Structure formats: C-alpha cells, structure tokens
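What follows is chain A paired twice: with chain B in the first complex and chain C in the second.
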Partner chain A sequence: MSVRDDFTARIPGGDAGLIVLVLLATYLAYVLAGLVLGYTLRGQLNSIATLTFYIGVFAMLSLALNLHWGYTGLFNIGIVGFMAVGVYVTAIVTKPTYVAGGAAQVGGLGLPLWVGILAGMLAAALLGLVVALPALRLRADYLAIVTIAMSEIVRFSFLSGELQQFQLFGNRVGFGGGSGLILDFAPPLEALLRGVGLWNGYLGFVDAFQVLVPRNPKPVVDGLVYGLLLLGFVAAFYWLLKRTGESPFGRVLKAIREDEDVANALGKNTDRFKIKSFMLGCALMGLAGILWLVPQGAVTPNFFRPRVTFFVWIALIIGGAGSNTGSVLGGAVFAAVLYQGPRYFQNLVSAVFPNLDSPSGFGQAISPLISQFDPVPFLLYTVDSIRQLQLVVMGLVLIWLMHNRPEGMLGYRKETASVIPLSRPKSMAADGGSDDSVRTDGGVDSPAQGGETDE
Partner chain B sequence: MGIAETYSRGRQFAIERPFALVLAVIVVILLGDLLRGLATGQTQFADIGTLVWDGLMRGLVIGLAGIGLSMTYSILNFANFSHGDYITAGAFSGWATTYLIAGLGRADIGALLLVGAGGSVYGGTLGIGMLSTPLAVVAGIVVSGAFAIALSLAVDRTIFKPIRNEDGITLLITSIGVAFALRYLMQFVFGSDVRGTTAQPPSVSLYFIDGTVFINAHDITLLVVASALMLGVHVLLQRTKLGKAMRAMADNKDLALITGISTERVVRATWIIGGGLTGVAGYMFILWKGTLGFNDGWLLLLLIFAAVILGGIGSIYGAIAGGLVIGLTASMSVLWIPSAFSRAAAFVVMIVILLVKPSGLFSGRATA
Partner chain C sequence: MSDAADQPVEDVANKVDEGALGAFASGVETSVDYPLQVEGLEKSFGGITAVDGASFEVEAGSLTGLIGPNGAGKSTTFNLITGMLKPDAGTVTFNGEDITGEEPHEIANRGMVRTFQIARELSEMTVLENMMLAPKHQRGETLWRSVMPGVRDDVREQEEELLERVWEVLDFFDIAHIAEEYAGNLSGGQRKLLEMARALLTDPDMLLLDEPFAGVNPTLEKKLLEHVHELREQGYTFLLVEHDMDLIMNNCEHVIVLHQGSVLTEGTPDEIRSNEEVIEAYLGGNV
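Let's turn to the complex of A and B:
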C-alpha cells in the first residue's frame, strides 16, 4: 500500500492531478482502440461524448452516495428511487401544458426547466425525509431493505395505470404508466445556453465545427459539450461535498459514522444530522438522475430497476467509500471499464466483422462446441450477449473487491472526524525534535501535508 | 376504579406507542370498509375466499423460502441478497429435470435442458402437471432441492467463508455481487424470455356462500409439500442434537463455541437445510404460478425479506407466519387499492412493523 500512497503523492496536482491522469489515460485507450479499428472522426467523437456522459453521471451519483455511506454511514440502496422521483417531478413541472391531439398523452405545468430541476431535487429530498424519519433509527441492514423497498414502491407507482394521468392545478398531467413520458421540452444544454443568451453563439460554434464533421455536426457537438457540462457538475458536487465534509457539520457526520453513541453523548442530535445529510444526498441523486435522463428525451419507469443502484455502489466501492476523490475515480473507472467498456468492445467487434450472425440462443451456441469442438458460435453468442455478461463481471468484481480490497482503489482514505492529527508525534516524544522532523515522518494527517495526501 | 384504571392504562399506551394506535385505527377502518362492502353486496364472499386462498399459496412459498433466509440471517449474521437467485437457480435446475423426464423422446434434449429457451418447446405441449406427469414433478422437486444445496455450499465455500468474520455489511455487499453474477449467468444460459411451464391442472370448485372458489391440483401439491417440509424443519430443530446446536449458535455464538459446538459444521448444516428449502420453494413457486423467468427469485426476494423481518429475524416460525401475512397482504390488498400496488402494500406492512415492533412479531427468538 505504501507504494501506492507514494505514487498518488508524487502526481503533480495531488488528487485533482490523479483524476485528470486517469481520465486522460481512459480517453487515450478509447481513442487508440478506435484508431486501430479505423473509426471515423465522427465515431471517435461520439464514443468520447458517450464515455464522458457516463463518467459524469456515475461520478455524480457516487459522490452523492459517498455523502450517505462514506461520511454518515447510511446504507442506502434505494438510489434509483430518488433519481426516479427527481426525473418525474422535473418532467411534470417542465412539460408543456396538455393540448388535445398533440403527440404527448399527458402534459405538464409548462414552467421553465430550472424550476423543474429545483422541484425535482426538492421532491427527492422530501422523499428522503419520508424514508429517513422512520428508517434512520434502524440498523444498517434494515435501512438497506427499507430503502430498496421504497425504490420499488416508487417504480410501481410510476408504472401503475391509476397515476397515468391526473389533474394538477387544472392541467392534465401524469406519469404515463408503463409506456413512460415523452420529455418534450428543451434539453438542459439548450435551456442553459438560451438562459444565458449564448444560444446563437453556440449555433455559430456548431457551424464552425463543420470543418471537422461535415454533415450534421450538431448531435456530435451537443454530446461533447453536454459531457463537459456534466464534468462541470461533477466538479461542483465535489466542491460542495468537500466543503460539507470539512465543515463542523461534516465533522459531526464523520463522528456519527465512527460511533453514533459518542456523538450523541457529546450533545449532538444525531438523528437530525443524519436526516439532513440523507436529504442533501437524495437531492443530489435526484439532480444526477435529471441530468442523466432528461437529455434522453423520454423516460420509462423500468429504467429505474434496482440494478442501477448497484452500479453506483460498485462505482463507489471501486473508488473507496469515504473519499471524494475515490468516488470520482470510481465513477470514472466503472463507467469506462465496466459499464461502457464491454459495449464499446461489442461495437468494435461488429465494426471489424460486420456480417456476423450470432446464434439466437445458448443451445445453438453450445451444441457445436460439444459435438464438433467448434467454439466460434459460442464466442459469437458471448459477444452478442455482452450486456448480460457485463453484469456477471460486475458481480464478480464486487466479490473480488470485498475479498481483496474492501477499502477501494485509493487504499484506506477515510477522513477521521478529528480536526487535529491523531497519530502520535514520535520524534517529539523521543528527542523533542523540531517541527520539521514531525513533518517528514509524522502522520499523514498533519495539516502541513493535508493538502497533498488527504482530501 | 375499573374505568379510571382502564383509562389511565389506555392513555399511557397511546403515549408510549402512538404508531401502534394509528395502526389499529387503520386496521379498523379497512375492516369496516370491507364489512360495508360485504353488506351492500359490492364485495362477494367468494371473491374474498379466492383472494385468501391465493394469498395462502403465495404465503407458503414465501414462508418456505424465508426459512432459509432467516436461518442464514441469524446464524451467519448477514442479509443474504443472493437468496432470491438461489430460488431461481433451484427452479431452473428442477424444471430442466422435469422437462427432460416429461419430454424425453418427444423433443430435442438440449431444448429440454434449457427449459425451452427461445420457445423451442413448451411445458403446456409436454402436458406437465402433478397429475399428468407425477414422476417428472417429483424428480424436479428433488433435483431443485439438491442443486440449491450444492450451489449454496459451493458459494459459501468459495465466497463467504474467506470473509466469515467481517461485519454484516461487507457480507451483504458481497452477496449482492453473488446475486448479480448468478442472475445474469442464468439469463445468459436460459435466455430472458418468460416461459409457460405447466399445462392447465385439473381443479375442483368449492361452493362458498355466494360463489365458487377454484382449487387446483398444484395448489394442493404446494400445500402438502410446504407443510411437510415446514413440519420436518420443526422436528429437526426441536428434536435433534444438530437442531439444538443450531439454535444455540443463533442465540449466542460465543457461548455455543465454548460448549464445543463446531461452528463450521453448524454453518454447513444451515446452508444445507436453508438451501434445500429454498430450491424446493423455487420449484413449487413455478409449479404453482405456471411461468418461469430468470428474474422470478429476485422479484420474490424483497417479499421474503419483508416476511422475515415481519416474523423476526432468526425465527423460522416467524418466517412462516410472516410469509403468510405478506402473502395475504399482497393478495388481499386489491380489495382496497389498485392491483399495481399490491407488492407495495406488502412493503408498507414491513415498514410499519419495523416502526411498531422492530424485533418482529416473534421478537427474533433465535430459530425457536
């Protein structure tokens, strides 16, 4: 582990440098793979945009989860529930009002997108409050079961025919049932740019992009710029959570994680702190959900299956719970290697061998292998069903991590609740040495070094 | 004196247990609504009879599968999220056997072993049922139990044993990983389509006050198998030395170790009993409902958790009772709320129990 610590300490720029380094390495790998297989520039840019998008959403979600689990020790496995509420409330507030004969079955309130986003975050936070009030007094595993049950209740509610449409403030609105909702309003990027009056400038920039991508460059540019926007949101999440974690409020949260009874005995109303932290995290999950799904143009309840929750958990565990840098890294690595990687590989295979017809079922795939030792159909079937197998791989990665590296990629980096270094100043005790010697071999938590090695 | 005392006791109860009071009021309101429906003829007695029977069947499956979950929860001290996929794995192994025996010579062996993946062969065409192909069904029950035992022992040996002494959350996260790997491996092999597995079983109609309640052969099979297995577990835990050791272990691990009980032996016995019951529960669930998909066990898992928590973790009688309550809730809730929310209603019952009595109905008395 010391080798690893040395490595992270030697990177210029500390943690931010590490994140940038990992991102660059990831992009380089994707671009090289694309180059080797002769992707067009458009294809390259698209795959980079998609990759950035997923890095952004998973980094945001695992940062929010880190506030729950890494800081406060709340085992929340109902993440999709909060995302779903955020997205659906945003949709209802922002969708244009219902017009008979229009494309959409139901309308919304027709308010601006930023109002919708705020309403969505607020709704997610309120749902967090409703869940937290009873559940926080329970053991961690009970909280887990309550939150996952809640996320399923949310999904069933959005699926149900009864809430498909109803009246709200005299408008015909609804959740659309199983077929979902069309999000027929301006996507976040356009709304933002129009809001700050840069929309025409942006369109000019898109036109200028025709030098690189001659035909219809707008989707490509949209994807790239939206990816950048998401990375900006990741930075904002990071900053917010870092500030929260370092504030007196954050110190109480860490104290609760370490020993709730002690924090209680010191006169902190731990329930209230836990509820606030839970609500803040839920609002951020709602926002991440909105930023993930609103640009897709439509949303169905069955997107919000519990597996998405576990994706975020895997991302957080890869990075290491308790560390914001780790959360971002975990999100990036998860998105690049486990989530987007297999699909990219599948695309590559179909680009290199365009005319493959893979067997339609396991039976047709395995029988040539048994009867004629012909592995080709089996391999084809494997590549074809890579979306299922990637989940198998995720499960195995999770098991491997829990066995071998439960503290995550960056090693044990949980921040202590204390503001002063807890490690014993050895040299001071031994020979009353100077301040310098403390810095050279003292604890990593000493304030002088804090900026480099710790968050 | 009597009135004053009753009043003060009632007052104290209301202050100490406000949730219990609210709960009682809600139950009274729901019952009142039901009685009004019956009196005005909106609701028929026979409808309620059908729902109760349906809930009972569902509850037996949940209870049977819940025993294993409850035992591992109390003895190994973690919530096993891969339990639902043991159910599915048991069901697939058992149904592959049933298909093979019932359809041998009539269809391709590969298609039979894959339980008709991709619509290559249908259970209805093979005429599978308890009365039409009893041998195939019995063999399927045995294989599903055996396979689930083998699977849970193998997973325990390779995955849970190395981290036996970690805390419950580490084990819980690991079990999520196991669940993912198992479920999507099954999807990889058996495909993602939901297939019908049985032919329409013969049924008898019972006249019940103002209508009929249908009870079919598979309901009876489920009732018999589940009751017999539950009785068997009861005898095992109460009458044998192994049962005593398991109860001791669940009650107090350190004390059990001091008295010379071998931990690993008890753990192995737990997986064997729990795994076997789980596999059979999976098979019977599919036999009863007549369709099989790779997600079935996972979808059932949350209801099983609800049942286990309801009954009190560690108590097998609690798991059975909790299973029946959850099954009846899920079935009967359609009397009051839209059917889309029936599973939600079961979860709400669980959350309410966690609020009112977090230790569960049977107070988590360890496997006793």
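Let's turn to the complex of A and C:
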C-alpha cells in the first residue's frame, strides 16, 4: 500500500490536485481529438462543455452512491428512481400553471425553480425513507431488490395514463405519460443568474464572446458556464460528504458497513444512522437528476431505465468505493472514457479514414472474416456500432476491474473517520511501552509496524 | 442508576481528569444488590431448545462465572440478555428495570455491554477508529452537527477529549503500539484486547465477556485477568463465560453452571468443584 500512497502523496495539492490533474489530462485528450477531427473553436468549446456536463453529473451521482455503498454498505440499485422523482417533482412544482390552449398538456404550480429543486430533493429523500423503513431492517440484499423494484415502479407510474394528468391544489398537473413533460420554465443557470441579479451582466458577457464565436454564441457560453456550475456542485457534494464521513457520524456509518451488530452492541441506534445516510444520499441523487435533466427542456420516463443506475455503479467501482476523491475520479473517468469516449473514438476513426465504407449488416461484416480471414470489414462494423456496443464494453471493463483491481483507482485508501487526526495528542506522554516513543512526535502511519501484529 | 444511560458524554470525557484508571470508575454505588436478574429465559431454534428456563442473578461488583458444556446455551443466554436475540419467554431485569426485548443499543446505553465469543473487530477500521467509535452520546453523531461550520468546532473539541481518553485506555491495555493498525491485521489475542478495551470505553456498569481468553496466549491471559480484577475493584460487574475450569475457580467468587439451557446449580467455586451433578454434566457432555 505504501507505493500507491506515495503516488498520490507526491501530487501537489493532495486530493484536489489529483482531481485537477486528471481533469486536465482528460480535457487535453479531448482537445487533441478535436484537433484531429478538425473541429472549429465552436466545436471544441461545445465538446468541452458536453464533457464537463457528464463529468459533473456522474461525479455527483457517484459521490452520493459512495455515501450509501462505500460508507454505509447500503446496496442501492435504484438510483435512477430517486433521480426520476427529483426531476418530476421539480417539474410539477416549477412548471407554470395550466392555461387552456397552451403548448403544454399539463401545468404545474408555477413556483420558483429553487422551491421546485428543494421539493424534488425532499421527495427523493422521503421516497428513500419509505423504501428504507421496511428493507433496512432485513438483510442487505433485500434493499437491493426493493430499490430496483422501486425504480421500475416509479418509471411505470410516470408512464401510466392514469397519472398523465390530475388536479393538485386546484391546478391541472400531471406526469404527462409516455410523451413526458415539457419543462417550460427558465433553466437552472438562467434562474440562478436572474436570482442573483447577474442576468444582464451575463448577457453582456455572451455578446462579448462573439469575438471568439461569431454566430449565436449563447448556447456555447451557456454550456460552458453550466458545466462550471456543475463542477461547483461537485465540489459542494464533496465538501458535504467529506465532512459527513470524517466525523463521529461517519464513524458509525463505517462501523455499520463493517459489522452492524457490533455498532448496535456498542449502543448505536444503527437503523437511525442507516436511514439518515440513505435519505441524504437519495436527496443528493435527486438533485443530481434535477441538474442533469431540467436544462434539457423536456423529460420522458424512459430516460430513467436501470442502465443509468448501472452507469453510476461502474463510475463508483472505477474510482473505488469508500473514497470521496475516488468517486469524483471515477465519475470523471467514466464520463470521459466509457460514456463519451466511444462516440469520440468513432468520430476519430471516420475522420482518420474518411473513405472507408463499413458493412451495413452483421452478415456482411462477418463473412469475409470467415471465408478470407479478412478482419477489416468486421472491425469497421464494430466501430460503426460502437454506441450500441457501449454497454458490452462497460460490462467487460467491469469484469476486468473485478478481477484485477476490485478496489478501484483509490479504494485502497481509507479516509480516517474522525474530525481530528488520531495520533497521540502532543500533551500526552507515552508511557504505554517502549514502542510508544516512536509516536510521541506525532508519528503517523508507519507500515513497519505491521510486522508486530503477526506474532 | 438508569440515568447513567442519559449521562452526557461531556461528563464521561471529564473523567479523563481523574487519570487513566479513574476513567473507568463508573461509580457503581447502587442500592440494587443484583444489577442483573434473569428469570425463566427460554429460546429455541427450530427443534433445538438452546435456553430452557434459565434463571440467575449477578451480584453488583462481582466477577461471576458462567460455565457449562459446549452447547449448554451460554452464548445464547448472552444474546438474550443483550437484546441480540428476543427470548421466547422469560424476563431480563437490569438495575431494577425490565429490559426484556429491548434493542441491543438501548441495553448498551443502559450500561450493559458485551463482547463476542468470536472477536468482532471492525476490520477495515484502525484500532483508533474502533476505539473512538465506542464512547456513548457523541455530539458529532448527529449529522448536522458534524457538517455545519461553527457547530463542528464543538464536535472537534469533544473529539480531542475523547482521543486523550482513548490513548489512555490503549496504554492501559498495552496496545498503543498497534493503534494505527487496521483491526483486521491484529492477532487473535490483540483482537480480544481491543474488544474489551472498546467495550470499556462505552463506560458501562456491567460487562458480559464471552470467552475473552479463548485463543489468547497464557501471558496475555494473565494480563487480561489482572485488568479484569483491577476494574472489578473499581466497581464494575462482570459476567464471564469460560471453559477453563482452573481459571474460573481461581478468579470468580460465584459460579453459575448452565446445562442444557437451564441452571444446573450455582455457588462458590468450592461448592461447584465438589458438586456431583456438575462433574456428571461435564463428563456426560464430552468435556
């Protein structure tokens, strides 16, 4: 473990430095790919904005899942259900009230977006409570079954015709059924900037941006600034969860993960701790869902298929469950390599070999390989269908990780669950034994001591 | 005594001032002579009746032995007393209050803490984290207090107090040199030490030790026993499960013999030693 510890310790700025470094490397790779593809500046900026967006949402989701799984050992495989509830409740609270003949089939309560976001997070947390109350008292795998079932029930409820529209506080609202909801209100960025009175300033900035992007720079700037906003949210999640983990509260969560009976026998009301941890994580998943989908302008239930949950799990496993820094890195690497990467790779291949004609069917792709040992058509076909193969690739990566690096990029590192460093206080003299003299100078972890335990 | 459960942790931490040993003195001055009373306890698993009407009392400030052949129901009795299992029948009274069917954490907060027959250290937590977990009613166990700027300074302050106490206990148990080790890397004996030290940090009145010396080398065992005696003199009450007859006879003032889930007999070590039934139970029980 010491070798890897050294590797992260050598990076200036510690964990933050490591995250920044990985992000910079990722952006560099994308910019280089953009150059090969001959992107315009606008194209480059757009691709950076999209990348940042996905890094942001997956890092947030992976951090929230780390609270559940990495810290508390709660096996939540219904993440997408909590996102869905967050988004739909936000939509219903925030959409303008229904007017007959308008574009939207149903209206909302017409409240400000921040009210909607809080309501969405609260709803996700309450759904977490409802799911957790019966399941948490049972064995760990029951929670898994209950959460995935819940996420599908949520999706089918939003799809159902019955709930397509209904009355709420005298307003015609609804989930819109299979065609979904139009989110006909100001997106988060605009709402935020208007809220703090910077909207006009922002519009001025957008105009100034015409120097770089002459035609209609607003979408480009919007994307970039929203990406930055998301990274800000990632930082806030990180801060919150780091403090949660490095505290007596986090210590109990860790103990529950290790052996719940022990924590209980030591006087900790473990059900309570589990429920709090679960609800907090669910609220954060709801928020991540809101920040992901509300700017899209519309939402349909079928976005919330279990595969999104699967994505978040891969992100967490790549980064390493148990480490907040690892969660952020996992989210970033997942977004850049597995989520956005295949599309880029495909574009790169067709840019480098523009004249290649890929076969249109599997038969045409495979027959030259069998009859003439010519793999080229098959490879081309593979590249051409890489987006469909994305899930297969992710599955392979997952299997590889499980075999070769189950602890993820940073999972080997255990963040100490306490507010203060636990080395012997300076005020105390060591009198416990001869070995203790080593520790009086505030000595930290020394691996050499491992040998003494094997006696 | 029951208000000891509600004792704010600040007071617990303040005991640090009384020095390492003073930290353990929980002042078991109680009018109740028998803090633990077990009455007609029953528990069966499917067809097996593990505990079958066990009744006994444990005297305050005593080191009481609970012995019996393998499968006599000793560990199950511990589980029933501490709330890990719910009894089919019978009552458990602690400090004069009926605690039957309470949750383990409620019972622990009343001041009765147990250790496990197979040591259950929290392996991916360091010895220090294991120890810091134990003290009751920590301010920072409330989520918002741990997170909110400003309020977190109170939590930090208490952590500093607790940390000093933890290091004192580590010194007392001679495990300070492995303080930063992951508990999963400890030897069997060290795990037993850690469990006992951790249980003590909850500041209990009574400790239930399930074979704390099993797999512990004789030197370590002697040291542990010395600790137990020291603590007993400070007013702790112990109920000890142990298979080593000599150990029980030489250290306990009172011995309870469990056989097939009920109390066969009880008395002083001398009485037990000369009891025909006990000898028979043990010979019949393949010991």
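To be clear about the criterion, the second predicted complex is superposed on the first by the 374 of 455 C-alpha atoms of A that agree within 3 Å, B and C clash if a C-alpha of one lies under 4 Å from a C-alpha of the other, contacts with A are read in each partner's own complex, and residues count from 1 in each chain.
As a working rule, a contact is a pair of C-beta atoms (placed from the backbone, for glycine too) under 8 Å apart; a residue touches a chain by one contact, two chains touch by 3 or more.
Nothing here was measured: the structure is a model prediction, and the numbers come from that model.
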{"item": "Partner chain in contact with A:L228 - chain B first, chain C second, else both or neither", "value": "neither"}
{"item": "First, second, both or neither for A:L240, with chain B first and chain C second", "value": "second"}
{"item": "Which of chain B and chain C A:I145 touches, first, second, both or neither", "value": "first"}
{"item": "Chain B versus chain C as contact partner of A:A265, first or second or both or neither", "value": "second"}
{"item": "Which of chain B and chain C A:V337 touches, first, second, both or neither", "value": "neither"}
{"item": "First, second, both or neither for A:L396, with chain B first and chain C second", "value": "first"}
{"item": "Contacts of A:G363 with chain B and chain C, given as first, second, both or neither", "value": "first"}
{"item": "Touching residues on chain B, where the partner in the complex is chain A", "value": "78-79, 108, 110-111, 114, 117-118, 120, 159, 162-163, 166, 168-170, 172-174, 176-185, 187-192, 302, 305-306, 309, 338, 340-341, 343-344, 347-348, 350-351, 354-355, 358"}
{"item": "Touching residues on chain A, where the partner in the complex is chain B", "value": "75, 134-135, 138, 140-142, 144-146, 148-150, 152-153, 156-157, 159-162, 307, 310, 313, 317, 360-363, 366-367, 385, 388-389, 391-392, 394-399, 402-403, 406"}
{"item": "Chain A - residues contacting chain C, complex", "value": "240, 243-244, 247-252, 254-255, 257-259, 261-270, 273, 276, 280, 414, 416-420, 422-425, 427-428, 430-433, 435-436, 438-439, 444-446, 449-450, 452-455"}
{"item": "Partner chain A, residues of chain C touching it in the complex", "value": "82, 84, 103-105, 108-109, 113-114, 116, 120, 122-126, 128-129, 132-134, 136, 138-143, 146-147, 152, 155-156, 159-160, 163-164, 166-168, 170-172, 174, 176-182, 185-187, 190, 198-199, 202"}
